[in-house]
Structure formats: structure tokens, C-alpha cells
Amino acid sequence: MNKLLDLLRGDTEADRVVPPTGFTVLLTLASSAAMAFLAVFVLALALSAGRQASAWEDALSDTATVRISAPADELEAQANAVETILAQTPGVGATHRLTADEQAQLLAPWFGEELPLDTLRLPILIEVSLDGEGPDPQGLRQRFAAEAPGAVFDDHGRWRAPMIDAASGLKTISLIALLLIVAVTGVTIALAASAALAANGQVIDVLRLVGAEDSYITRAFVRRFTLRTLIGAIGGTVVGLIAVALIPNVSLDGAVSDVGLRGFEWLLPFLVPVGAAMLAFGATRFAATRRLAEVS
Amino acid sequence: MNKLLDLLRGDTEADRVVPPTGFTVLLTLASSAAMAFLAVFVLALALSAGRQASAWEDALSDTATVRISAPADELEAQANAVETILAQTPGVGATHRLTADEQAQLLAPWFGEELPLDTLRLPILIEVSLDGEGPDPQGLRQRFAAEAPGAVFDDHGRWRAPMIDAASGLKTISLIALLLIVAVTGVTIALAASAALAANGQVIDVLRLVGAEDSYITRAFVRRFTLRTLIGAIGGTVVGLIAVALIPNVSLDGAVSDVGLRGFEWLLPFLVPVGAAMLAFGATRFAATRRLAEVS
Amino acid sequence: MMQKQCDMNDVPAIELHNAAMSYGGRTLFRDVGITLAQGSFHFLTGPSGAGKTTLMKLCYGALRPTEGRVSVFGEDTGHMSRDEIARMRRNVGVVHQDCQFVDHLSVSENVLLPVKVSGAVAEDLDANLSELMGWVGLTNLADHRPAELSGGERQRAALARAVILSPDVILADEPTGNVDWEMSLKILNLLIELNRLGKTVLCATHDMSLIRQAKTRVSARVLRLRGTSIELAGAEL
Amino acid sequence: MMQKQCDMNDVPAIELHNAAMSYGGRTLFRDVGITLAQGSFHFLTGPSGAGKTTLMKLCYGALRPTEGRVSVFGEDTGHMSRDEIARMRRNVGVVHQDCQFVDHLSVSENVLLPVKVSGAVAEDLDANLSELMGWVGLTNLADHRPAELSGGERQRAALARAVILSPDVILADEPTGNVDWEMSLKILNLLIELNRLGKTVLCATHDMSLIRQAKTRVSARVLRLRGTSIELAGAEL
């Protein structure tokens, strides 16, 4: 890291000996820019997917319902038993017995507002908010069977599973893509540096001939390539950030329109150029050292 | 295209004059392989997202419900009116009046199976399957208001919108990523070819010096680079396909575990190496022509 | 082996008409008019930096004169297309002063390059090649890389490459710059031999002894670049 | 300007002990023992491909002998680290036969390269440089690219670069290979002048007239590579 900073201060004299223009320069700049762009883009996707997954998970998994249907005389007793059991069960947060009005509202979509609830012998519904993973449904059902046989625990599981899977699948895939992009960036930058060094073999030969120490030569090349990669990656990151900022307005609305970065997440992409520069530093050092081994 | 095929047949004599090894070769191979890999991966993602989107859309959007709550004497008449209206409305498929049993089933999650339906004055529910985009809900509601004031059209819209948006958002993002990867591939391959050509400037000078026509030189380079890119891209595509085939077993199950390719979709990724080769063909031709303009 | 672009014997192999050449603002020479008749032997001399290499480049179309014109077998290089220049070069063998080679090819592959790029199908190519390699003393080094050759060996390889297609014109830029006197004489002998076969030879050199030696064996004329003009050097040699 | 690695005057500048050199299976020379005393002037001659360039490369540590050893100011090059070799080269100016330059730097930047890489801070560097460029006749071309130089100009630029750090030893590989007689004499004069300042000079050349010319002015010895051994050429020159 110190060496990296040293580099940025640099030695403009040594700098001049590495060709400042040409395709290898363009290649380094463009490939690091392109990769940074993709990385920022996919990073935003991964972060959004993660956010989405937990949002869906939250929205879908933090409540469950216990329904108690029993003969009128047992109903209240069983409901009380259920509330007691729930209070003792880990993973269960607050419980709330639905009022008649609330039940009516729940049924409204199906039967309209005018359902004559008072004439109906309706079951008691208890809404349960869950903590974390929620209670173990199996265990809960067994206790209900024993103490409140009319109670049925419904953790919305059958609706929840595919949604959660969808969101976390998206997150997983984004992370895989991010890893791939990092790997591809690494390979591309390393190869671009090697190719550029190979193209500048003559410079290295001449420098050794006139008495340059290896460290001088390595430094000159490493500095140039690290800076180029840094500049390219910063450019790519900025364009990527602009692209990410523009997404919601462009094409999406609704749930996944939430693609983008929120709050401190805007800082994460700035790790991309830093990472790219470190990668270029290592790759160029390696390539330069290897090329130097060919010259006496 | 013909020229491309010509190339594959090739002229091994001319081939020899382009260096067969070195970093520029590795760079071309590796970058085309990496890009092909990413492209296949994201292509699979885009296809899966598209599939998912239509699956969700199908599952969620092809039904709606009309609920008719009215005094007992008007109920049947209004229901008939509604069925008449629905039959005349474009975008409406089959209609089905729910039986008492079906209504009981619908309510079971909330109230258990033993709901005394016969003692209840329940609304009539008509399940409607929708064609395509479905009917215009606004227009439908206006006609209901006039002819069956007790009917309420519920197109499940409030549940449907976010799900559909989620799926189509995923598809859009995948397609954007695919476009980006194609663009990045193009830039990388073009630059790799240019850098390799620049590194081989001496070869071009010598060939012109001994009387080689431009077409001979261009052909030699274009052939080499197109083949290298093709080989790299085929390798990347194959590895990408293997990776895609492995995904479901590795990390995901449930809804998005459906990431992968189905049926004829397995053929699409083979367009990736073809595209990469065509890109390399164009890029190398361009680079060679430009380099040749510097030599007399 | 090669098709002549023009077989009329009265057309000069190479002709410069009022040719002037300058790089940027600096004029190397102007109003130069020289005629190399077919089958003639010329030396080109003059101080370092006078423009000998430049003049040779004009002759094989690597440069165009800033004024005037240069014709090869009667054809103005300024009016030739790139492909015509390429084909013309197969009939004009050049020993480049920097001896450029394709580094990853062997010496013999480099010598054979003109054959490859011309697409010529010569029957006794292998025999020709080994005779030629023997002649320039590189038989043992045929499979080496150019980078493994000594300075003089590179020069001889360049000479072999220049004559492999048996061109009608041979432009040799300091072909003896890096070789000892014996080898110089051998190279001179090759050039004289080629000249006797009817080839037109233009040889740039600094070596006055070589010119003197040649004059005893062939009717060579000596062109000397001096100032911005070219003159025929005479008896003082 | 430069720190001497050893100031004792009795240590030879360069010494070969039973040195042998072969590429692959081919032996260029063996059992070569030569001593270049400090301040001496030697010519190195021999046919093309005899190994002159190779012997020079041994002297500046670009190659190691396959047998025996080579010392520079008493230090065995075989025991030097890469950085020691680099520093040694700042005290051994080399005129490479191929005149390698950094293409994208100007001629004067190329000439200044040894100063740059050594990190030496010379006071009157600019005066030195322009004097030197004037001396080799490249003042007008200082801002050109090496590719724009003629063969002889490149050689003179290489010479300027070899002496810019005022090294104690000068190894010149065919410094007059591409220049006319007048320029050859000028270059020889520079070498003689440097030798009179106490520098050790080893100059490979094919040009016997140059050696003869030199012998009238300086007590130069002539080493000749012949077969696989080296001999001191005597009166026959």
C-alpha cells in the first residue's frame, strides 16, 4: 500500500522512458474502464437484489396467523391457551387477536363489506409477528394439537418460499457475476500489462544496457500501468455510477425498479478503482520481473 | 460471411509470418474466452428472467374476480347481467360462477372448513380468465355501475403489479448487462487486435519491404486473430454452458432456481463465438488496414 | 523466373527526373536527374547523412520525391498503386541498411519470404536456397533466429533475401558495412556476377577501397551525393 | 563524476581468465586469457561471426563465459548481482553494434539515458551534452527520433551515449561500420582523446586502415580472433 502511494508521487524522469501513447495504453485504459463500469453496474444489481431479498423476506415472513375453530364454549379457552403457548415460543414476537371489524376487512375482497359477521360463528384469528426465522412450525403444531386442538398455525410458508427464493437467487447470481467480472478484470489487466511490456521489450533492453537497475525499470512501468488502470477504472466507475443513477427513471418501476444504490452504498463502488489499481500494480510488477529475467 | 469461411480454410504459408505465441496471443484467447463465458452466463440469466417474467405474468394475471353483493332478490339478476357484460367484453375469456363448495374452500384458510355457508347470505363470485392484457378495468366498472351496481371487478391488480414488474425488471437488467458485455467484448477484442498488430509492426514493415501486397498481410493477421478469438470464445462458451448447467444443483431451488437454458435455448449461446469471431474479423481488418497505411 | 514489367532494353531500369527530397524543411538534395540503364553497375557514395539511404528508398517506392519523379522500368512510382509497388519490389531486391527481419522466423524462412509473399512456385527452390545460403556462408545458421546472427551474418542474410527472386534490379545499402575485407570482396563478387547476368546494380557504400577494387573488374560508375546535388565521381578514385 | 569501483592502478580494467564461450554446442573460442590494463587501447578484429560482439558482451556482463571468468576492475562478473552489473555498466560505456535506442525518445534524450538511470546529478550537463552532440555532428538532429537518423548518425548517437557518463572503460563495437572515412577518423580521434584522458578503450573493427591509422598515433595493440583462440596481431598490419 505504501509502495502504491509512493508510486503516485512518482518520478517523472523515469516515467518518460515508458511510451506514453499507443494501443497498449488505450487497451489498458479501455479495459479497466469497461471492467470498472461492469463491476459498478453488477455491484448495484447485487446490492439491490440483496435489499430486495430482505425486503421481500421481511414483508412476507414476519407474520403468521393462528386460526382457532372450535365449539363456541371451547373457543375462548383454546384462544387463551394459544396465546400462552405463543408467548412461550422462541421466535414469536407480539400477538394480536383480530377484532370483528378486522376480520370483516379481511373478508371484504371476497364477500364485500356487508358480511353479517355477528350472525356467523367465525373462528378466532390471532396475528403473530415473527422474530428472525420464526418459531419451529412443527413443534408449535404439536403443542397446539395437545393444548388447543382447534388451532391451526399458518406461517404463510406456502406463499413465502418461492418469493424468498426468487430474491435470494437473484442475489446469488449477481454475486457470482460480480466475482466473474472481478476475475475477468484481473485476467484482462494482467494480460494487457504483459502485452504492453512485451511490446516495450526494446525499452527494457536499452535501459539495462545503459546501466539501469531492475528496480528503476520496474518502477517506471509499474507506475505507468497502475496510473493508467486507475484513471481508466475511475472513468469507468463514474460512468457506471451515472448509469446506475439513471436506471430507475429509464425503464423500471415497481418492485425491482429499486435497482440502484442507497446511502452509504454509494461509497462501495469507489473500491472498484482502488482494487483495479492494486491488481494492475501486482500484474505489472509480475510481468516486469519476468521480462527482466530475460535480459542480463 | 464468405470471407470468413475462406479464412478458415486459410493459407498456412501466410500464417507462419504472424507470431504464433506471446502475450498478445494469450490476451486475445483469454479475453475472448472470458467475455464469451460472461455472455453465456448473462444470456442464460436473461432468458431465465424472461421465462420467469412470463410465468409470473401467466400465473398472476390470467384471472380476475367479479363479486356481486346485492339484496337476495336482485342477486341472481345482477349476476346474469354481469355474465352478459363479460361475454361482450374484449379481453375476457371463460367465466365461471363459483359453487358454494368452492367458496368454502376459498375461505378455509381464514375460517377453517366448517364455515356454515348455507346460513350465510354470501355474495356470488365469478372467476374470469383473461385473454392477453385483459379488459379495460375502468370501462368494465362503468358498465357494471350502470347494469349491475352490486358487482365489483377485482383484477388482482394490486397483487399483480409488483410481481410482474419484478420479473420484467430482472429481464431488462439482464438484457442491459448482455448489451454491456457485448460492447465490452467488442472493445477488448478490437484493442487486443490493435495492440497485437502494433507489437508486430516490424513484421508488417518487413513484409511490405519484400513485396507483399496489402491483402496478403491483412489476410495473414485477420486469419490468425479471427481463429484465436473463435477458439477462445468457443472455450469460454463451453465453460459457460457447463457453469450454467451446474447452477441449479449448486445453489438455488424454488422459483429462480429455474436459471438455465431450456430446449432450443441451448443453441443460442453458440451464437456467442460466431459473433466474437465476426467482431475479431472486423476489428483486425480495421487495425491492419490502419497500420498498413503507415507503411509505404 | 520473374515477369519483367517491361522488356524493352532501352527503358532505363531506374530513372530520377529533377527529383528533390526534403524532410520537414530540410532539403537533402534537389534537381537530381540520374538514369540507371538496364544492366549497369553504379556505386552511390557521399558523407553520412547525405541521403544515400533516402535515395534508395525513392528507388523502391518507400518514399516519394517531394518534387520531380522517379520511374522504375519506365513506370512513375508516384502513379503506382500500393499493389503495383508491392509487385515492383519483387523485381527490385533491396539490402536494407538496418537488415529488417521477421524475428520469429528462422534465417532461411526469412530469406524465403519474398518467394512466399509473391506466391511464386519455383521448382528448384530448395536447391537455389541452399546454394545461396552456401554462397553467403550461412549454411550452418539457416535454422537460427535472426537475433542469433552476428552483424555481418545479418547483412549477408539480407543480401541472400534480396536476390532469392532473381530480381532485375539490386539496391544494396552498405552491404559491406559490417563485414571484413575478405567477406566484402565476396559480396562484391556476388554483385558483379549478378551484374554480368544482366541485373542492374546500385550499391551504396562508404568504402572507397571497395569501389576501387570493383572498378578493376566492372565498368562501374560512381554517383556521389555532395551538398544538395549528385555528381558523377571520376578519376580521383 | 563516477565512483570508481577500484582505484588501484595495478588492477586491470578488464581481464579474461581461460574464458571459453559456446552457443549451444558451437564453441566460438576457448582458453582465452587477455588483460586490458587501465588506460590501454586495444583493437579487436577477426572475421565476421568470429565472436567479437560476443567477447564484448562478456566484458560488460551481458553474457557469462561458459568456462573461465571475466573480471571488470578486479571483480568477477559471474559473482556480481544484477544491480552490481547495472552499476558496473555506468562505468563501462558500450557502443552496441545494433545501436539500440528507445524509439519514442528524442536523440538527445537517448544520449542522456545513462545519466537518467544512474540518478547522477551533473552540474554542467547541458553544456556537456551540447558539446558532445556537436562533437559527433548531431547538434541539428538532437530533437529528432532515432528512427529518423541515417545509419551513420545512429552510430554516432550511440557513441555519444556511451561516453556521456565519462566512463573509465569504453567498449566500441564497430563504431565506424556505417560512416565514411572522414567520420571514421573523427570517431577514432575521439577514442584516442578519451584514451589520453586515461580511459581504457576496446574497439572492435573490420577496418584495417583504421587500425593502421591509429597505430601511428597511439600505442594500440590488436587482438585477433582466429579459429577458437585469440592472438596478438603484430607487425603484419
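The letters A, B, C and D name the chains in turn, as written, and every chain counts its residues from 1.
The criterion applied here is as follows: a residue touches a chain if its C-beta (ideal position, glycine included) is under 8 Å from a C-beta of that chain, and two chains touch if they have at least 3 such contacts.
Source: prediction; values computed, not measured.
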Most distant chain from subunit D by Cα centroid: B
Centre-of-Cα separation between subunit B and subunit A, whole angstrom: 21
Cα-centroid distance, subunit B relative to subunit C, in whole angstrom: 63
Whole-Å gap separating subunit C and subunit D, where each centre is the average of the chain's CA atoms: 31
Junction residues of subunit D - those touching two or more other chains: none
Pairwise touch network: line, ring, star, complete, or other: ring
All touching chain pairs, where touch follows the definition stated at the start: A-B, A-D, B-C, C-D
Residues of subunit A that touch subunit D when the two form their complex: 13-14, 16-17, 19-21, 202-203, 205-216, 296
Complex interface listing, subunit D residues touching subunit C: 23, 45-49, 52-53, 97-98, 137, 148-153, 156, 173-174, 177-183, 206, 208-209
Touch list for subunit D against partner subunit A, complex: 61-64, 82-83, 85-90, 94, 96, 100-105, 109, 113-114, 116-118, 161, 165
Of subunit B, residues touching subunit A in the complex: 22-24, 26-27, 30-31, 34-35, 37-38, 41-42, 45, 52, 67, 69, 103, 106-107, 109-112, 114-116, 119-123, 125, 152, 154, 161-166, 168-170, 172-173, 176-177, 180-181, 183-184, 187-188, 191-192, 194-199, 247, 251-257, 259
